[in-house]
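You will see two complexes here that share chain A, one where it goes with chain B and one where it goes with chain C.
Right after this comes the complex of A and B.
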């Protein structure tokens, strides 16, 4: 059985658990919907001059995605530690495989968040996207990078005492370049400018993050 | 036809400290077949020693080797060659007993058909009806049986069992006894317990004294 099929088994297990408990999905979607509603009510489609809208909307879009994701994505390993199931995983599977499966699940969760936030932005904030394909690519590659980094940091901090604080402290410098690039790509997609440069940076970031997470997974996961 | 393989578990000068305080040191043994009893008072390090043997904790010094037909196992081979169950092993509450075992077989890259799963559940004394229930709804004894099924999941030549009789009724204890008897005849069983009656004619014995006392 290939590594991908085995990682898929981990992802499918997490998805089954999540579908039955709905803890992360509800928390994440509720956060996304609340943040979206607050943004729509406070600035709305016409609360800003038209020329000021694109950069602010791009930044708000990723702030909502990031914080909604930060509500659910770090749960990947924390939940295993809290329920005591981490021992069974550690006993049977290598860290890289568990990390790949959980990153896959987190990416699915991120896409679910994006599926709520993107239409919400288009409807409530009169968001004008000139290049929808470029926006979709920025969301996919940005979301993938965010999922991989969050999953890896979740493995790293899951057994720490102050894990929530630690997660944020470690995540900030690692995720900042990704978010700034994603915002720049989103801005380009909304203005119809060249989004290829930020996309290339996102792809490079995703590749580097995937390799680093794969190579460091054992150290982060094992005792 | 299954090939009978000779597997040896050996511990070489194992020691473990927590925050500089030694728990045990100088633990060495070699186990090919038979029952190795690990005894000692509460806090003497039995659970820690068994976790080190199972690859779940790193020793402060020393090493654990698993050799099969003279070849040292590493990585996934070593991981799956040792079946472990202990009191702090938990399985997924939202999944059924059968789904739990199927997941671990699949993720380990092994066949996870109904027969493979049900035979392990039956070996651990879990009925088909119980196997279809979510683990959340299991009693203490059923959870203990599921832990045993987990330890047997990959047909490991070495079994490491920490308090396997805990929380079991008479029939459950009989199931564990049967599993231990079968396993010690074909490989090594390392069993830790606070109750001397759980060790039935052990072939070897390690007595931990705690607080750095060693064996």
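Right after this comes the complex of A and C.
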């Protein structure tokens, strides 16, 4: 089997497990919906002056996406440790492949969150997006980077004490350049300005994070 | 290292004296505030150097699994944080004089604060793992991963948005915007702070090794 086929098999295994319990999906989507409802309730479509809306909405959009993702994405490797399947996975597959499969699953989970948050913002907050294609690209590249970094850090913190708190402490400074750039790109997409500069930065970040995670996966995942 | 220590004392004293006495204050800055460049930028440089040294020794640890390399990497991160905090304090002093506020969330200021958080997380990660070998391995992996993403925090993200920060050293023109005396003292300070870092690194790493050997005995 090729690398891609085996990574897809790991992703399918995680998806099957998740479909049985639906713990991560429900927790993540519930968090996203609650945060969205809270935002809509407190500022609504008319709670802000028209000129103040775009930067605040762009920042809130990514804050909700990040924290919703942070409730589900770190579970990638923690679940294997809790169910006692980590050793079997370690013995049968290389770390880089496990990481790729789990990052793929996490990316799917991120897209599910985005599928709730984006329409929610459009309907509840009267979010005006001038360049939808640019926004889609920012969400895709931002979400990919967030998934790769979260999956990698999940492998590092899976066996540490206080791992939930530790994950946020470790992840936040690492993903902040990505979040700042994604907010900048989202703002450009809503205003119809040039989103290519933040997109290029996001693509570079994604490439650097993917390469580093791939090269370090064996050391991160070994027993 | 003893020779370095004996050399550094008069050398750094001379750099400090020159920083206050030789170059004229730069134009466009309030009063003597431009002299902070002789301390603020070398602190930032030394902090970045320390994190790069930590990454290099982390790689060495992953290749050789020698605890001495992990001790050097950990010592370098601690010193990088020390110089990083000094960078924030000196930057804040400058901001209070130039912009009338100690902290104004300028992108360059904020990115440096986040860099400090990034490496503080390295120490949290170490503290959360009990087994020494696993602690060293996970810390080394994190230090290398952080080193790859660090340029986005320090060099890229702050430049995506507008900044008030002076661009005398790293700027789009690719030139160091300083006169000759300022440049001489500035590079003298960079060399002096780098030497100070090497001396402190040697002390900190040797202390960590003694602690490890003491635990084993």
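Just so we're on the same page, the second predicted complex is superposed on the first by the 223 of 223 C-alpha atoms of A that agree within 3 Å, B and C clash if a C-alpha of one lies under 4 Å from a C-alpha of the other, contacts with A are read in each partner's own complex, and residues count from 1 in each chain.
The rule we apply is simple: a residue touches a chain if its C-beta (ideal position, glycine included) is under 8 Å from a C-beta of that chain, and two chains touch if they have at least 3 such contacts.
None of these values were measured; they are calculated from a predicted model.
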item	value
Joint occupancy of chain A by chain B and chain C, clash or fit	fit
Partner chain in contact with A:41 - chain B first, chain C second, else both or neither	neither
Chain B versus chain C as contact partner of A:196, first or second or both or neither	neither
Contacts of A:170 with chain B and chain C, given as first, second, both or neither	second
Which superposed partner A:205 touches (first chain B, second chain C, both, neither)	second
More chain A residues in contact - chain B or chain C	C
Chain B versus chain C as contact partner of A:30, first or second or both or neither	neither
Touched partner set for A:17, first chain B, second chain C, both or neither	first
Vertex chain A angle, Cα centres of chain C and chain B, expressed to the nearest 10 degrees	90
Distance of closest approach, chain C and chain B, by C-alpha atoms in Å	6
Common interface residues of chain A - those touching chain B in one complex and chain C in the other	222
Parts of chain A lying in touch with chain B, wherever the complex brings them together	1, 5-6, 9-10, 13, 16-17, 20-21, 83-85, 87-88, 90-94, 97, 101, 222-223
Parts of chain B lying in touch with chain A, wherever the complex brings them together	54-58, 75-76, 79-80, 84, 86, 88-95, 99, 103-104, 106-110, 150, 153-154
Of all residues in chain A, those that touch chain C in their complex	149, 152, 156-157, 159-163, 166, 169-170, 172-174, 176-178, 180-181, 184, 197-198, 201, 204-205, 208-209, 211-213, 216, 219-220, 222
Footprint of chain A on chain C - complex, ascending	62, 111, 114-115, 117-118, 121, 124-125, 128-130, 134, 137-138, 140-142, 144-146, 148-149, 152-153, 156-157, 160-161
